[in-house]
Amino acid sequence: MSKEKLNYESAVAELEQIVKDIEYGEISVDDLSEKIKRSAVLIKFCKQKLKSTEEDVAEILKDMSEDK
Amino acid sequence: MRTKLVSLFFQNMSEIPSKYYTLSKVAASLQSVIRREYSQYYWIKAEISRLNFYPKSGHCYPDLVEKDHAKVLAQMRAIIWSRDYFRINADFVKKTGRALDDGMEILFKAKLEYSPTHGFSLMIVDVSAEFVLGKMALDKKLTLERLKTEGLYYRNKEVKFPVLPQRIAIISVDTSKGFHDFINIIDNNTRGYKFFWMLFPALLQGDGAVQSIIQQLQQIKSVQHHFDMVAIIRGGGGDVGLSCYDHYDLSSEVANFPIPVISGIGHSTNETLVEMVAHYNPITPTDLAYFLQQKFDNLAVGIEEIQQAILAYSKDSLLEKNNQLSDFSRIINSETLSIMEYQANRLSRFGHIVQHSSLLLLEKQRSKLDLFIYNMRANSSRLILEGPQKVVSLENRLKQSVVSLVHKNEKDIKHFEEKIQLMKPENLLKKGYSLTLFAGKPISSTNSLKEGDILQTQLFEGKIESKITKIRKK
Amino acid sequence: MSKEKLNYESAVAELEQIVKDIEYGEISVDDLSEKIKRSAVLIKFCKQKLKSTEEDVAEILKDMSEDK
Amino acid sequence: MSKEKLNYESAVAELEQIVKDIEYGEISVDDLSEKIKRSAVLIKFCKQKLKSTEEDVAEILKDMSEDK
Amino acid sequence: MSKEKLNYESAVAELEQIVKDIEYGEISVDDLSEKIKRSAVLIKFCKQKLKSTEEDVAEILKDMSEDK
Amino acid sequence: MSKEKLNYESAVAELEQIVKDIEYGEISVDDLSEKIKRSAVLIKFCKQKLKSTEEDVAEILKDMSEDK
Amino acid sequence: MSKEKLNYESAVAELEQIVKDIEYGEISVDDLSEKIKRSAVLIKFCKQKLKSTEEDVAEILKDMSEDK
């Protein structure tokens, strides 16, 4: 699966769908591995995104503090 | 007015009367009449058109006038001697907040005096501060009502105060202490805020102040885009000369001003109209400076708060997102495990059912086979037991029937034997029966006999021969 | 008479006929001996047959039970 | 008359005829004696036959019993 | 009788018929031995079948347990 | 039977049918062994599937935890 | 982003909107970095604005004379 099209919102939406599907037993065991692998990709992507955003925030705020 | 008098004087120059008095004679006459007729002190109401205070001598020579609108009804000079003036003015200032000044309508106690050299004058010995006070209050009240009626009162207040009140048009004078206090504070604030200000010099008190300030306001209006606000700053002038700020023209100009006007006039008495209609009135220039500084402080704090909020909310948001992802992980983990467990149990259950049911099924079949065996054994035995019984019964029947058959035949034979025994001829003859023979043959009818035939008769013992004597046919 | 053709059913039937014939006097004294000799043979055959069957059955059923 | 031809049935039949003949008197005295002599022969034959049969039966049945 | 054609169902059906025949005396003593022998064969076959099936079950469940 | 066509869902569905058939005695002894063997294959397949899925999940969740 | 159009008030308004958006989660993670960068620009601008002014007396005097 290519990452190019991923963005956080759509990744989270997809994750929510997967979680819902798993929660409501809408996923067959046959598909489960695939879905879980996909979840892992999505969660990893999201975490990276959060981390980079967090870094951005820290960086910016550091800059701002120095500007004082 | 002076110009008019001068022209009249030149018009009358050609006519020279024959009889005339010397001026001194006229003056002496007037002086005596006046001394006689106007010996008392009177309370008189008039307007001071000019106060004419001479600081060196300390005397005042006010020009008094009474007008009906623009028309002068009367005018007269007056004198307030130095000693009176200081007493009167001090009291006046104390009570009204303003010094005796040009254009002021006053009620004063005076004595009419005439001096041949100086002419008429009213020697003022007292001025009613209460009268002026009442007059001022009335004027102020009327002006206030007018401002309200005209919808001006709140107009400047309604002008949006700039978020960043950084560029200030200052109406003041360079010599004003208030002005210097003000710029000193804003220019040298410890936080490094930068204000831009420009001084628009104006008179700050007295009647001239109205026009002067209005003029500068108009100047400012022409370049209003350069400014965020106007500050009218006065200071160190005490409470004197503030009545200009109750003036309608100035008040309405301020009220109507397109950008906020802040007043820092600095006094301790009642708020003037200008201050009332001004956007904000911190009263003293220092307060105004601190007000602005406070505004900047607030802005700085606001920005700081925004910064903190962005930081905090971003962190919250990111934390929340992180938690959401963790939740996802956790749910996926737990749900998957529970799916696994459920499926594993299901498989186990399948296994057990297959086992249990299969064994049950096999057991049932086994019982069925056992039942077959049981039935077979029972029924075979029965079948096998029935056989010998039948055979034995046949055997018995056979025995009996054979015996009875033999017996019957023996009986039959015996019967024959007996019958034949009975029929032996010797046995008949013994009983007396005899056998009649003719020609050696036994006869049983008369048919072949005729009389005279010889018959032989066989008896049990011996034979007889006899002749037939008579034959009787049957 | 050869035994080969004999079977229990026919033997019993023959016996029954003989007994019946004797019972109803349908048999002459001349034939009686012969018939009785025949009956003896038949009875003997039947008894033997029953005995062997019983033994067979017992044996087999015993085996079946032991197979458990 | 030779004995060989005799059998129980015919002997009994002859006996019955003789008895009948005698009873109905159709017989001459001469014959009568003859007939009576003949009867004696026949009766004797029959008795012997019965006796031997009885013995045979006894013998056979005895055998059967022993076979039991 | 060759075993090739036997299966449990038909074996049981045949057994039922035999049992019924014996129960209702529909069987001659002549056939009894044969039928009982046949029953023995069938029962043996059936029991073996049950036993092998049981072993299969045991085997499978053992496998399942080990797989856990 | 080739595994290529098997998937968990169909395997479980088939198992359910077999279990039902066996449970309600709808199965002949002749077919039982076959069915039991088939069950074993299916159960084994399903367990392996579950196990591999479980491993996948564990792997993924481990990755996710490390990513933190 | 060019500074020309910025003024303190609009900058603050924009900042407040951003704060609100972030507070109420109206901003996607995808946009967050961008928004935060923008915030940094705006905050910097505001802070600088408090400490500097570009107004020039000469300019104003020139404007005043032109107006007359």
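A, B, C, D, E, F and G label the chains in the order they appear, each numbered from 1.
By definition in this document, contacts are C-beta pairs under 8 Å (C-beta built on N, C-alpha and C of every residue); 3 or more make two chains touch, one makes a residue touch a chain.
Every value quoted in this text rests on a predicted model; they were computed, and no experiment measured them.
Steps from chain B to chain C, taking the shortest chain of touch contacts, total 1. When every chain is reduced to the mean of its CA atoms, the largest separation from chain A belongs to D.
Farthest chain from chain F, judged by C-alpha centroids: D. Between the chain pairs B-G and A-F, more C-beta pairs are in contact across B-G.
Inter-chain centre distance (chain F to chain G, centres taken as mean C-alpha positions): 65 Å.
Taking each chain's centre as the mean of its C-alpha atoms, chain A lies 130 Å from chain D.
We define each chain's centre as the mean of its Cα atoms; on that basis chain C and chain G are separated by 130 Å. For the pair chain E and chain F, the distance between C-alpha centroids works out to 32 Å. Looking at chain C, one finds that residues 8, 29, 32, 36, 39, 43, 47, 49-50, 53, 57, 61, 64, 68 touch two or more other chains. Counting partners per residue, chain B has 307, 310, 314, 318, 321, 329, 332, 336, 343, 347, 351, 354, 358, 362, 365, 373, 376, 380, 384, 387, 395, 402, 406, 409 as the residues that reach two or more other chains.
Contact annotation for chain pairs lists A-B, A-F, A-G, B-C, B-D, B-E, B-F, B-G, C-D, C-E, E-F, with touch applied as defined.
Those residues of chain D whose C-beta lies close enough to touch chain B in the complex are 8, 12, 15-16, 18-19, 22-23, 25, 28-29, 32-33, 36, 39-40, 42-43, 46-47, 50, 53-54, 57, 61, 64.
Of all the residues in chain B, the ones that touch chain C in their complex are 370, 373, 376-377, 380-381, 384, 387-388, 390-391, 394-395, 397-398, 401-402, 405-406, 408-409. Contact residues of chain E toward chain C in the complex are 28-30, 32-33, 36-37, 39-40, 43-44, 47.
Considering their complex, residues 395, 399, 402-403, 406, 409-410, 412-413, 416-417, 419-420, 423-425, 435, 437, 441-442, 444, 458 of chain B touch chain D. Listed in rising order, the residues of chain C touching chain E in the complex are 7-9, 49-50, 52-53, 56-57, 60-61, 63-64, 67-68.
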